[in-house]
Amino acid sequence: MPILEGKELRIVGFLCNWCSYGGADTAGVGRFKQPTDLRVIKVPCSGRIDPLFIVKTLLAGADGVLVSGCHPRDCHYTEGNFYARRRLEMLKRFLPIMGIDAKRFEYTWVSASEGQRWQEVVTKFTEQIHELGAAPKIVGAEAEETLKLMEAAL
Amino acid sequence: MKIGVFVCHCGTNIEGTVDTAAVAAASREFPGVVFATDTMYACSEPGQDGIIEAIKEHKLDGVVVASCTPRMHEPTFRRTLERAGLNRYLFEMANIREHVSWIGKDREANTNKSADLVRMAAAKLLKNRPLFSKQFPVNKSVMVVGGGVAGIQAALDCANGGLKVVLVEKDTTIGGKMAKLDKTFPTVDCSSCVLGPLMVDVAQHPNINLHAYSEIEEVNGYVGNFEIKVKKKASYVDWDACTGCGLCVEKCPSRKATDFFNEKLATTKAINIPFPQAIPKKAKIDPDFCMKIQKDKCGVCAKVCPSEAIDFTQKDEFITENVGAVVAATGFDLFDWTVYGQYGGGKYPDVITSLQYERMLSASGPSEGHIKRPSDGKEPKNVVFIQCVGSRDKSVGRPYCSGFCCMYTAKQTILTKDHIPDSQSHVFYMDIRSPGKLYDEFTRRAMEEYGANYIRGRVSMIYPKGDNLVVRGADTLMGAQVEIDADLVVLAVGAEASVGATDLAKKLRISYDAYGFFMEGHPKLKPVETNTAGVYLAGACQGPKDIPASVAQGSAAASKVLGLFSQDMLASDPQVSVVDIKRCIGCGKCIQTCPFGAIKEIDFRGMKKADVIETICQGCGICTSTCPQGAVQLQHFTDNQILAEVNAICRF
Amino acid sequence: MQNLEDLKEQVRKALPELDVVIGWTGGYDPLHATPHFIRRDEDIDKLQVNALCVHNLATYLPSMRGKKVGIIVKGCDSRSVVELLQEKLIDREDVTIFGFGCTGVVDQTKIRRIVGDVGNIDSCEVSGSEVKVSASGTEHKLAMSDVLSEKCATCRYPNAVLSDHFAGAEITSTATFEDGYKDVVEFEEKPEEEKFGFWLKEMDRCIRCYACRNACPMCVCRDHCVAQSRDPHWLSQEAHVRDKWMFQVIHAYHLAGRCTECGECQRACPVDIPILLFKKKMNKEIKEVFDYEAGINPDATPPLMTFKAEEDKITERKW
Amino acid sequence: MSDSLNYAYYPGCSGTGTSIEYDMSTRAICAKLGITLNEIPDWSCCGSTPAHTVDHTLSSALSARNLALVEKMNLSTAITPCPSCLTNLKTATHRMGKDEFRDDVNKLLDTPYNGGVDTKSVLQIIVEDMGLDALKSKVVKPLKGLKVAAYYGCIMNRPPEVMNFDDPEHPMAMDNILTALGATVLPFPLKVECCGASFGIPRKDIVMSLSGKLLDAAQDIGATALVTACPLCQMNLDLRQDQINSANGAKHNIPVFYYTQLIGLALGLDEKELGIDKLCVSPRKVINDIGAEDAS
Amino acid sequence: MEIVNITKSYDSSFVKQVEKESGQNMSHCYQCGNCTAGCPYTFVYDQPVNQIMRLVQAGQKETVLKSKSLWLCATCESCTTRCPNNIDVAHIMDVLRHMARREGYAPVPTVKSFWDSFLSSVEKHGRVFEIGLLASYIAKTGRFWTDVDLGPKVLPKGKMHFKPPQIQGKEEVQKIFNRFKEESRK
């Protein structure tokens, strides 16, 4: 599906299964209205998130990436978000040298009970990305073609 | 792979704001998708049958269901696939309810987003592989943390079911809050007569091993095989020798120790047994008040003890217990009401808590069942009860209803009338919440038969006037400000998470809410489970609960444990990391970062390689994001699966 | 070089216990040195150590694991050795390190820019302050300061940080950490679009030869590099700028907390893409947040392989 | 003790008139205690209650004019003895934190005010900036035997988010000062109850009732004097005490001091300087009894 | 008592206006009555505070704006300080007073006259001129001064001045009032 022109931007979220995905569910159960731009990829733990996924996502045309895990000390796997915090902080600091605005990427902590906080995070992040506008796209490749080739190859 | 997509209406829950037929139509264009349809209720029997039929008819070998959160029905649909003869991991869910239809009403955007989520799910599914569980043995014993009524019930049910039970209690006796109560609603029967026999059963049960005055220090392991370090706190009494005769208590000259059991209404001896029916009935020294420990004087208890049990040098002791499951039943604590300056902030002795009032009412309490004002010992005639103190009050960070205060307040007005027939009770309330069996009738009885004066409104301030307290409140029904000259004010103090609950949650790796109450697996369908396999909840640690609800949860948690242990072997979750031995260069970075010690170094034809111990791996994937060459891959969340999701939506 | 004879002597003494000693010798023309594998006494005489010895020989060590290897290292090279030791990719007891005080090496690109595309190099003389090159009959006198490699101008570790033998006197460095990162700061100050555009243009020139990776002493994945695998399938085989750029970020990220800035990647690049900038940026941030530098202490743990429950310098943002 | 006890001083309108003894005693004790008061040149009225009942922008503008004057003095903190003035100054600062409101206020002003001036009560700086130990060390005539009730009034500490000083329900600043002065401070239960405020003129009955309760409560606990920090409270309790007695059929004869007057007495200052003679209910007997051997 | 037809009398724009001007969310009030319980002025109110809150929730504009209670609130902040839902009730009372003024309600004329006299005094002199204020108030209300007994207590002690205060900035203060009047006419 194409991005809804003029309405949405492409925002990808990487959420840990135990806290933030649950928090997003809690927000849903509470019917907390949110912008529709975000597409969520569920991972077991924020520690599973290789920062390179985020770079890949941004180079592949996303306008913003949001990562959310359990609050520090509350990781379901005890230590995952501690590793994530270091790695993601480095990424946030690295992006500017690539010419990517560091505000296009945020990482945060939302617990499974914090539906309201999730609503606030999504709303705020989406607003932030809309303020930045669409990210510069790397054109030139026959995008759809390539993708089809790749899909066919596998 | 031939993928079938099923887009659920969930009645109007999804269909109301998502055009599910359009989503299905769009899905047919996605790579790998050969069949797509919308369906009324995918999780219902006809819905599931429809999926099975489609699998057979279209020879599907992968299924995407777009419906609610996978945290709800993923297990349901995985079973559906198995019934159709497919591996349960050839399945993906697109969460178009919690993440789409429930959070916005823009049908166009929702439909578009839903299609995107299906596309991502299908893209990932193309990379899914069948996964198979391993079997591992279970240690069929259970640890119950907390010896209140919920923990006691859970422990007894498990023990009666034939399991070995380790019951850990942080105080010197089990019984919890219920042991402090005088009577219980709505039957007004004696609390200790109900609870006492259960406590004795715990003490005598051959399957129950009780560690009182102990706390959880450290939790290792996983479902089926937990290894838990327990701290046995120093009581300065050798409990193996102590017979609970009470001679030491009788002779101890230090009388100023804090009496926690009586809610500080009185003081107690430096060596004491909290109450006569305590289980275990063992003495403990409060070192802050013991003259021997403080000043190396006295030592009377040691001299009089017939079994030479006193040990002033005793230290905390650590033991390790191996169990297959854990039930957390750590209960609640009372809100610290002294933040209410307008109620005196603790300055007025005749403003007491409801639990202090219970101790006052109790025949085993410090006043032996006589209601006496703490200030002068006089019998009060006008007693004012204030409800919702630390409940439903955002300004003190406690917006929730504690649930049981309305009922115990009604009970206390009845007991007040019983104890002092010429007394008058006044109850300030906002709403009466009494939705239990015979509950509302009970509050009516308090008013109709016992003459309790219910006043609808909050109390703004309490101030002393002469010997009495002026309680100034509102009667909103009358539309007036009202004042009552009270002899005694009882605050119906709300419940909050027990001290240390969040620390325990972290050790058990379970979630808790903003107030420190433990999170259940699902608010409706998994009320006593947690999201950590093998850890269950019982009682008020999950949220304020009255006795019947706590007991029911104790039994429910026990039944879950018994169910878990009904098999000799447990199936491991195959969503674990696997090392591609060809790609591994043996650098050991994964070993270094694994939080569980689940990866070990092996020698493979003279080369160092990493190897995952499947039954220890918990599936966090830290190793996968650590390995530079991607040699270790978390199954079901491989780099390729996540990249497929990224590629599905970020199309340059 | 006055230390050369001492060094040769040290090698000569140690050689009987070793399978090989890696050093440098004259290359295909007088302007270039090349790696030199000393197995016999007579090989020692060909040993060359001067400003032309640009190669980081540590690159060879992991593949020679199991053998007794001697290695001659500049200060920067020694950090790579330390890093390999730290990651247990080589074994301390099998490696003999010969250090010396390095005054810097030349940047061949700079020389080529000044001298132009000359045919045959007739001779090349290197002194402390000057490089004399005669090519096709013309003599060029180049000031060392004009042709010195960038990394050498701000070098803080001119002496081997770890060595078993050290030839000559140690050299003192006055450079500060900040000195070495002025280029990063300067580049970063440019507007985002300009930087993005810059990289698009630069990366577009990449020919995916992977010389950068092959020259990197810390790129130990070698045959298993994710750049050329299907599982995981991070990059397509397409020669698209997106994939090329992605590869460079992967390289930088895999080196986070490990890169010693020997600069071999950028030196090896046949089309001169300034890819060291990515690695330097990462190092700068690593130093700022974790106060850590790679290749100094063989017993340290790289910061991304560990954590603190309360991080000193990562403040929870408003997020 | 800090050597920077240097403040802009806002006396408030009543300080020049009906509560002149509050202003006098404040200036006297500050001089004695080494607190420098720099009267804001050409200050104007804060608008008091009437202004904010009409409009918040107007009310804040009247306060902001004075804050802008303080800005010119290069002083960071302005202090006032009067809680009503303080509330207006603080509320203006608080609300002007929002850009939109600040712009509206500045539209009414000649000189715009952009924030940056801290406002406190004289009471707060004595307790927090100077400290009770420093005060205690300067006491030469302890108020031994004086049994007082400290009455703070309704807005000295409320709402806590704005006033940000002491406990909103059980303030202790004056209690602690009076204890430091050697007086016996009785636990007054109605410390923050309203006295009737400015309704004395338009609805006297209200003051009769509310201030009457306060006097009753003071008598109940056996206080021989009331101590206040508010001109309006003092006026209602002192000036109108006879009216209250006749309206309620009571016979109160309780002198009502400003706490600054009592500090002055304890510091050994002259009664004249403290405006003791300006009080309506005579404090003579109470003052004479201070330090008497068997003060009963 | 009349029947309140909620469908007809509910004025949603009134509720929104109160919320906008006060910055408070009316739906946060769950009618516990704590404001009324703590309010020292309940005894003179025609509608206790909690009922004012309820009437605003119910959009009963006229009943609210004609209430005497609005004019008898002294902004003592008891309600605001103790509200369990952190509602700034005193602020709402202030805002309702502003609205009542705008709509021309003055059910307690003495209070309004006193406040008006006070402000005219400030407008005229830059500071309050107490004797002038009293004179103006008596003139406005046409009432005999009920505080004659206080004169002998105050005057000899020099606590009231017969001459108005003189400040240089009084024109500046007048300008504040003038601009305010201009702004409110907009």
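Some points to look at:
When the chains are written out, they are named A, B, C, D and E in that same order, and each has its own residue count from 1.
As a working rule, contacts are C-beta pairs under 8 Å (C-beta built on N, C-alpha and C of every residue); 3 or more make two chains touch, one makes a residue touch a chain.
All values derive from a computational prediction rather than experimental measurement.
Path length between subunit C and subunit E in the chain contact graph, taken as the least number of steps between touching chains: 2.
With chains reduced to the mean position of their C-alpha atoms, the one farthest from subunit C is E.
As a whole-number value, the distance joining the C-alpha centres of subunit D and subunit E reads 23 Å. The centroid of the Cα atoms in subunit B and the matching centroid in subunit D are 51 Å apart.
With centres defined as mean CA coordinates, subunit D is found 74 Å away from subunit C. For the pair subunit A and subunit C, the distance between mean C-alpha positions equals 35 Å.
In subunit C, the residues that touch at least two other chains are 233-234, 242.
Contacts with at least two other chains are made by residues 56, 60, 73, 79, 83, 87, 138, 141, 150, 154 of subunit A. Chain contacts: subunit E has residues 43, 78 touching two or more partner chains. Contact between chains, as defined at the top, is found for A-B, A-C, B-C, B-D, B-E, D-E. Every residue of subunit B that touches subunit A in the complex is listed here, in rising order: 26, 31, 69-71, 95, 97-100, 102-106, 108-110, 112-113, 115-117, 119-120, 126-127, 505-506, 509, 511-514, 519, 523, 531-532, 575, 593, 595-596, 618-622, 624-626, 634, 637, 639, 642-643, 645-647, 649-652.
Residues of subunit A that touch subunit B in their complex: 1, 4, 7-8, 10, 12, 17-19, 21-22, 24-25, 27-29, 31-36, 39-45, 47-50, 53, 56-57, 60-62, 70, 73-80, 83, 87, 111-114, 119, 137-139, 141, 143-144, 147-148, 150-151, 154. Residues of subunit B touching subunit E in their complex: 342, 388, 392-396, 430, 456-461, 472-476, 479-482.
Interface of subunit E with subunit B (complex): residues 28, 30-39, 42-43, 47-48, 50-51, 78, 82-86. Listing the residues of subunit E that touch subunit D in their complex gives 40-41, 43-44, 72, 74-78, 80-81, 88, 90, 94, 97-98, 101, 108, 110-111, 113-116, 118-119, 122, 126-128, 130, 134, 137, 146-147, 149-150, 153-154, 157-161, 165, 167-170, 172-173, 175-177, 179-180, 183-184.
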